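Next up, some structures in structure tokens.
Each of the two complexes below includes chain A, the first together with chain B, the second together with chain C.
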Partner chain A sequence: MTAFFRVAWLIFRKDLAVEARSWELVSTTVFFSVACLLVFSFALINEGQAVGDVAAGILWVAIAFSGTLALGRTFERERQTDTLRALMLAPADRPALYVGKLLGILFLMLLTEVILVPLVALFFQAPIVDWPLHLAALLLAGTLGYAAVGTLFAAMLVRARSRDVMLPILLYPITVPVIIAGVRGTAALFQETPDAALAQFWLALLVFFDVVFVTLALWTFEPVMTE
Partner chain B sequence: MRKYTHILLGAALLVFALAPVLIHRAPYESTMGLVQKIFYFHLPGALMMLFIALFAGVMSGIFLFTKKPWADHYALAAAEQVVLFGAMTLVTGPLWARKAWGVWWEWDARLTSSLLLWMIFIAYLLLRRFGGPGSDKLGAGMALFALANVPFIYVSVNYWRTLHPKTTVVPNLVPPMAGPMWWAFAGFVLMSLVLFALRVQQEEQRARVEALYLAANEG
Partner chain C sequence: MSLDFTEVAVSNVARHYGRRKALSQVSFACSAGEVVGLLGPNGAGKSTLLSILATLVEPSAGEVTYGGYRAAAAGAAVRARVGLLGHDLYLYPELSARENLAFFARLYGLPDVDARVQRGLEYANLVDRADDQVLGFSRGMRQRLALERALVHGPRLLLLDEPFTGLDQSSAAALVGRLRGLQDDGCLIIAATHDLDVAEGLLTRVLFLRQGRIVSAEEGGLGLRTRYQLAMRAS
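Now for the complex of A and B:
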């Protein structure tokens, strides 16, 4: 069991080290997510006022879109240098490889959110400091669910044709529950009188989703990735 | 295989030929009137969609963990039928909704989860069509995830919407209406079996041709 976590940790550190030398993923993903935020703001802000409770929706759409970009790039990097094959050949548990890659993606997406969330607060007067723990838990659970499915699909698609198109096509319908729960939970915290109980319901659903889909991904990673 | 297919096809045609008569004879529903007749297509179609999706998910699981090619052929043939019956359900649904609720579309749990299930299986077919080599295994993974996803979609949409309760029309099924409904369902089952047998046969032949090509290239 310790070997499992050591492999996962080593892969996570490897991804961080690669990223620290180029900053390619962090810079492009953050920029893209902010651009998303702006595009939606221009579409939905009328006469200086946001239409309804759109802040939560825009936040999660920006997270989902930039997450797809990050997932695609992370595995494109492994494909170009054929290092994914090298990882697969390593005498390590396949699920540990998955967990390592998942941690990398999760870290990257959370880093993006650290910049994205204050911007949403700034642009839409969203009260992010009223229930900071609830908000952080929703973001963490939602991002984990999204990244858990995304990492598996992106890894599967490395060898497929037209992988760039296929990733969002497969990922978005499957992650709809994450988006609904994330948006509704966050909106419950952003409304005039925040509803913490409602946010907790959505959080529970997200945690349940995470448990089911991380387990399923660990279970299917090996047969899916075996050539 | 082929002989059974002919018998099934004959039976399916017979059932379909009689169905309009039975549906015509069924009593008129008081509030919906003629539109209620959609129900004889809509409910059996939706049931077929659900059962076949379940079957496709199970077959994908078997394929993923045992690598048996027949399971993949079954899964693919089933997935195509999910899209077919899903289209039928999603076209007849809004027609019904227009009369019952006054709107074409309602973000109701059942409608939304059917739509998403349909979309997931379209994504599966797109992957199988354009994914290139190895997409059979990827598709199987995708179908398994789809199966696990359905309850989540249902719960999330249900809770999201029940915050704003809406009255729905629950069809009270009297025996004279239930008869034609199950008759139509039987027709769909027979049609589905015929299509399924043909499609699986086609996939088997395709796999055989592919194996021959590979052998010829190696030799």
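Now for the complex of A and C:
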């Protein structure tokens, strides 16, 4: 078991080191998500006031779209240098490779959210400080579920010619439950009178999805990666 | 976790990609201390065969055994004894030479990582550039580093896909010397190459492949280039 986590940690640290040298994923993901937010704010803010209760939806759309961008690129790197084959050749548990890549994606997406959430609060007057722990838990659980499925699909599609097109086509339908739970839970916290109990219900559902998705991904990673 | 073997046997291996046959009925065996050359034109199936030997691709039919163990059964234990230098070099360009070797050494769970990395850098003649990003290296420097990456865990079976690509004359000679040393240490080396002149004298046995089949397997006689031409003409 320690070997499993050692390998996952190694992959995660390596991905961070590569990213620290290139800043490719952080810069594109943050830029894209902020641009997404700005477009929505131009369309939906009238005289300083957001039209309707849209902040939660916009936040999760920006997270999902920028996450897809990051998912595609992180495996594209391994494909360009064919290092994925070197990883698969190592005598390590292959699910540990998956966990390492998942941690890297999760870290990147959470980093993007650290920038995104205050901007949503600023543009759409979302009350992010009223229930900060609930909000953080919803974001963490939702992002984990999304990244768990996305990492598996991105790895599966790494050798496919039409991977850039196929990734969102496969990913979005499967992660609809995660997005819905994330949006509804966050909306419950952002409404005029925040409903913590409702947010907790959606959080519990997200945790359930996380357990299902991570378990399935760990179970299927090795067979789907075998040529 | 780790097992050892001194023989690799390929038995009636075939690999199909849809209707295209990349390999058909390939059989041979080789032992520790041999340097086996896989020669043939582009698309002959050399890289596919190396991928199967590396356990990265499953054969559509037939089997490969490593001292009696099947890759599917032994899994990680077999992979721990296999080193692969691919046509793509399996290096992270953003990381330094030292970081690349250290990452793979740790991935294999090896002890004395620093000492192994230092030794690898010395063999690759990259001590002066150890902390530079691989991004700025020439093809030859990357090739030398990639070989040490493939050797960092001391594999019993070393698989090389075009190992001489991008090497100048002295680097190629150094690589031949390095491979001879590994051969003497009991390493089993299988190399796919088009560099017949460099490979001449290094290979102890040659398998000529064409259209996924072994068309000739011989141990000696005429010069390598002549034997290659005869084998290709005969098929």
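As a working rule, the second predicted complex is superposed on the first by the 224 of 227 C-alpha atoms of A that agree within 3 Å, B and C clash if a C-alpha of one lies under 4 Å from a C-alpha of the other, contacts with A are read in each partner's own complex, and residues count from 1 in each chain.
Throughout what follows, contacts are C-beta pairs under 8 Å (C-beta built on N, C-alpha and C of every residue); 3 or more make two chains touch, one makes a residue touch a chain.
These figures come from a predicted structure and were not determined experimentally.
In the superposition on chain A, A:Pro223 makes contact with chain B only, not with chain C.
Once the two complexes are laid over each other on the shared chain, residue contacts for A:Ile169 go to chain B alone; chain C is not touched.
A count of residues in chain A touched by chain B and by chain C gives the higher number to B. Judged by the touch definition given at the top, the superposed model places A:Lys14 against chain C, while chain B stays out of reach. Legend: residue contacts after superposition of the two complexes on their common chain; A:Phe209 is shown touching chain B, with no touch to chain C.
When both complexes are aligned on chain A by C-alpha atoms, chain A residues 227 touch chain B in the first and chain C in the second. Within the complex formed with chain A, the chain B residues making contact are 64-65, 116, 119-120, 123, 126-127, 130-135, 137-138, 140-142, 144-146, 148-149, 152-153, 155-157, 159-160.
Remark: chain A residues 3, 6-7, 10, 14, 17-18, 21-22, 81-83, 85-93, 226-227 touch chain C in the complex.
Listed in rising order, the residues of chain A touching chain B in the complex are 149, 152-153, 156-157, 159-162, 165-166, 169-170, 173-174, 176-177, 180-181, 184, 201, 205, 208-209, 212-213, 216, 220, 223-224, 227. Only residues 1-2, 51, 54-58, 76-77, 79-80, 82, 84, 86, 88-95, 99, 103-104, 106-109, 133, 149 of chain C touch chain A when the two sit together in their complex.
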